[in-house]
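Below is one structure, written out as structure tokens; comments come after it.
Read from first to last, the chains carry the letters A, B and C; within each, the first residue is number 1.
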Amino acid sequence: MDLAPQLVNFVARYVPYLAQGFALTLALAAASVPLSLAWSLAILLPRLSKRHWLAAVAAAYIEVMRNTPLLIQMYLIYFGLPLFNIFLSGFACGVLAITLQHGAFLAEVLRGGVESVSARQWEAARAIGMRNRQAFRLVVLPQAVVKVVPPICNQLIVLVKDTSLVSAIGVMEVTLSAKVIIERTGASYEVFVAVALFYLVMTTALGAGLRVAERRLALRFG
Amino acid sequence: MIAVKGLRKSFGPLTVLDGISFAVAAGEVVVVLGPSGSGKSTMLRCINFLEPYDEGEIRIEGELVGYREAGNGKRTPRPEGEIARFREQVGMVFQSFNLFPHRSAVENVMMGPVHVRGISRKAARETAAGLLAKVGLAEKMDEYPARLSGGQQQRVAIARALAMQPKVMLFDEVTSSLDPELVGEVLLVMRRLAQEGMTMIVVTHEIAFARDVADRIIFMDKGTIVEEGDPREVLLNPRSERLRGFVRRFTGALPES
Amino acid sequence: MFHVLIISLPYLLKGAVVTVWLSLATISLGTLLGFALGTAGAVGPRPLRAAMTAYVFVLRGVPILVVMFLGYYVFPALGYRVDAYVAVGAAMVVYVGAFVSEIVRGAILAVPSGQIAAARSLGMRRGPMLREIVFPQAFRMAIPPLLNTALTTIKQTSYVSVVGAWELSYAAREVVERTLAAFEIFLGVMVLYFIICYPLSVAARHLERRYAFAS
């Protein structure tokens, strides 16, 4: 089997059909990444709070996210919200579910980073008269973020791959588009090879971009 | 200006400070010597309330540090905002420099004035540049700590503390983690500061510095003050055996008895 | 209020059992595969290492759902009629294998080189050195991330429902489409998954802390 031209042929045949799916996958990723990062910061603060009940609630939330599948959370939102008269699009439900779950993971990674910032940095900040909140915002958090850039990048790549799951609630991103094509036209598994290639290109580009950012930060801090 | 009376502190079962009392007048330079574990660092950290203390008093210009006294002799810890404001008047320089690695030298010095005092960035930058020039690092202004030597980092740390215009400067073994050839540049800055009349409490092992710059030397051991007095007297005629041994170890010379 | 959930519980529990079996099968096979490939990737000949890098790179860049779909459609296309479980299971094993191999490879390479130098200078040969010194330490280091991978795999068994294999998530969706009691059913299923996953979560964290002290 002459792989190269066949591969090109197959990819070329299906790309137009999948193009919309590609775009929707990219849109899902573009929406979920910043929202998840923002949400992770929102969870981080209560998680680190000195008020025990607040930290416990945040910890419980993170634990639930860690031990239940994203799929069920997505189903819960998509099928459950209409029972309360809230009607969100499949896209919105997908983004919401991804944000809720990955925000929790990212928060844990950030927490590890914050706890690894030396206590001495806290002291130096307090010694010049900073309050705890200022010290956290200006001195500790920036350093924590830099420390955890590699695991955060990895988590973001997982996040982008998880957009494929939104196919389960009928959103025509690339995975569902491929499935529909196969069912409607009797096409073969090569469609999914094209899909796999698409994801590979996307995650590789994202990984490369994140690594450049990583290196720039590393240069600053020796 | 600073009055310490009967200071006591324990970490669990371990008593680290066992009744420390001394006073520091404005403009005085007091050097604290002593073996490790004698409680010198802990005492220093109590003065700017990085550590709370169990008994006794620390007063700076008459104000009790860290606590508010109720009438009946009981004490409650002060709220965080008050303590933060109090710390603006007490500058501290640490053994491990503790510069903020994600900011350049001048930005490190500006941190306090801009974010604690609310001074404009432009004005703060000018003052910071001036302070860095004063410690001899004008040309390293925009460098990040990772690119500076230990001695340079420590001098930036001194400038950062000075930027808050403190009434007193605390130095916690600031040369102990420096390579020997870098120690001199930091001590020079400290000397000049002393000459300018800054009130300083310096915990150090640098006996020569103590002898030349201190107005008074305090020798601590096992949480108490063992000897106190004029530098030349204390160092040349130590009354306690412990201090004699200590001085011998650090200078290699036997003081006349 | 949870009336529907209670009635459907037997059905859902059957699904949970399938989930557990599927998890055990894919985790154990995937881990075995991963150990073999990871070791090859760390200490094997160069062409093997290159192949390993490519394998891991591809599988890490593609979502597991896509790999499952590929598995589902590839077998009939090549003329084999296989059970849906075998198809998605095989896909999962290949996927898990990639991640485990990276963990194992990383753990082996993380054993301090000073130890290997010491072993060599004692005259130790490759075989015993790997067996007595490298593998035991690598194994200890690898356990926390391996447990985390196992945890992730259990959650990923839910994805086979999207491809069409029956397990807990598939059962849940069936029940909801029949009864419309989405909230209580999915909440109940979340509890079931939590019960399955939590012990592993706790074990992973406990061992992570233990290893952090030991090093």
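Note that a residue touches a chain if its C-beta (ideal position, glycine included) is under 8 Å from a C-beta of that chain, and two chains touch if they have at least 3 such contacts.
Bear in mind the structure is a predicted one, so any value in this text is a computation, not a measurement.
K.L.:
Which chain's centre, taken as the mean of its Cα atoms, is farthest from the centre of subunit C?
P.N.:
B
K.L.:
Per-chain Cα mean versus the mean over all protein Cα atoms: which chain has them closest together?
P.N.:
The most central chain, going by mean C-alpha position, is A.
K.L.:
With chain centres taken as the means of their Cα atoms, state the distance from subunit A to subunit B in Å.
P.N.:
Between these chains, centre-to-centre, one finds 47 Å.
K.L.:
Taking the mean of the CA coordinates per chain, how far is subunit B from subunit C in Å?
P.N.:
Between these chains, centre-to-centre, one finds 55 Å.
K.L.:
Taking the mean of the CA coordinates per chain, how far is subunit A from subunit C in Å?
P.N.:
It comes to 20 Å between the two C-alpha centres.
K.L.:
What part of subunit B is in contact with subunit A in the complex they form?
P.N.:
Within the complex, subunit B touches subunit A at residues 48, 50, 80-81, 84-85, 87-88, 90-92, 94, 96, 98-102, 111-112, 115-116, 144-147, 157, 160-161, 163-164.
K.L.:
Could you pull out which subunit A residues touch subunit C in their complex?
P.N.:
Those in contact with subunit C are residues 63-64, 66-73, 75-76, 79-80, 82-83, 157, 161-165, 167-168, 175, 178-179, 182, 188-189, 192-193, 195-196, 199-200, 203-204, 207.
K.L.:
What residues on subunit C touch subunit A, complex-wise?
P.N.:
It comes out as residues 58, 60-67, 69-70, 73-74, 77, 151, 155-156, 158-159, 161-162, 169, 172-173, 176, 180, 182-183, 186-187, 189-190, 193-194, 197-198, 201.
K.L.:
Give the list of subunit A residues in touch with subunit B in this complex.
P.N.:
Result: residues 118, 120-121, 123-132, 134, 138-139, 142-143, 146, 220-222 of subunit A touch subunit B.
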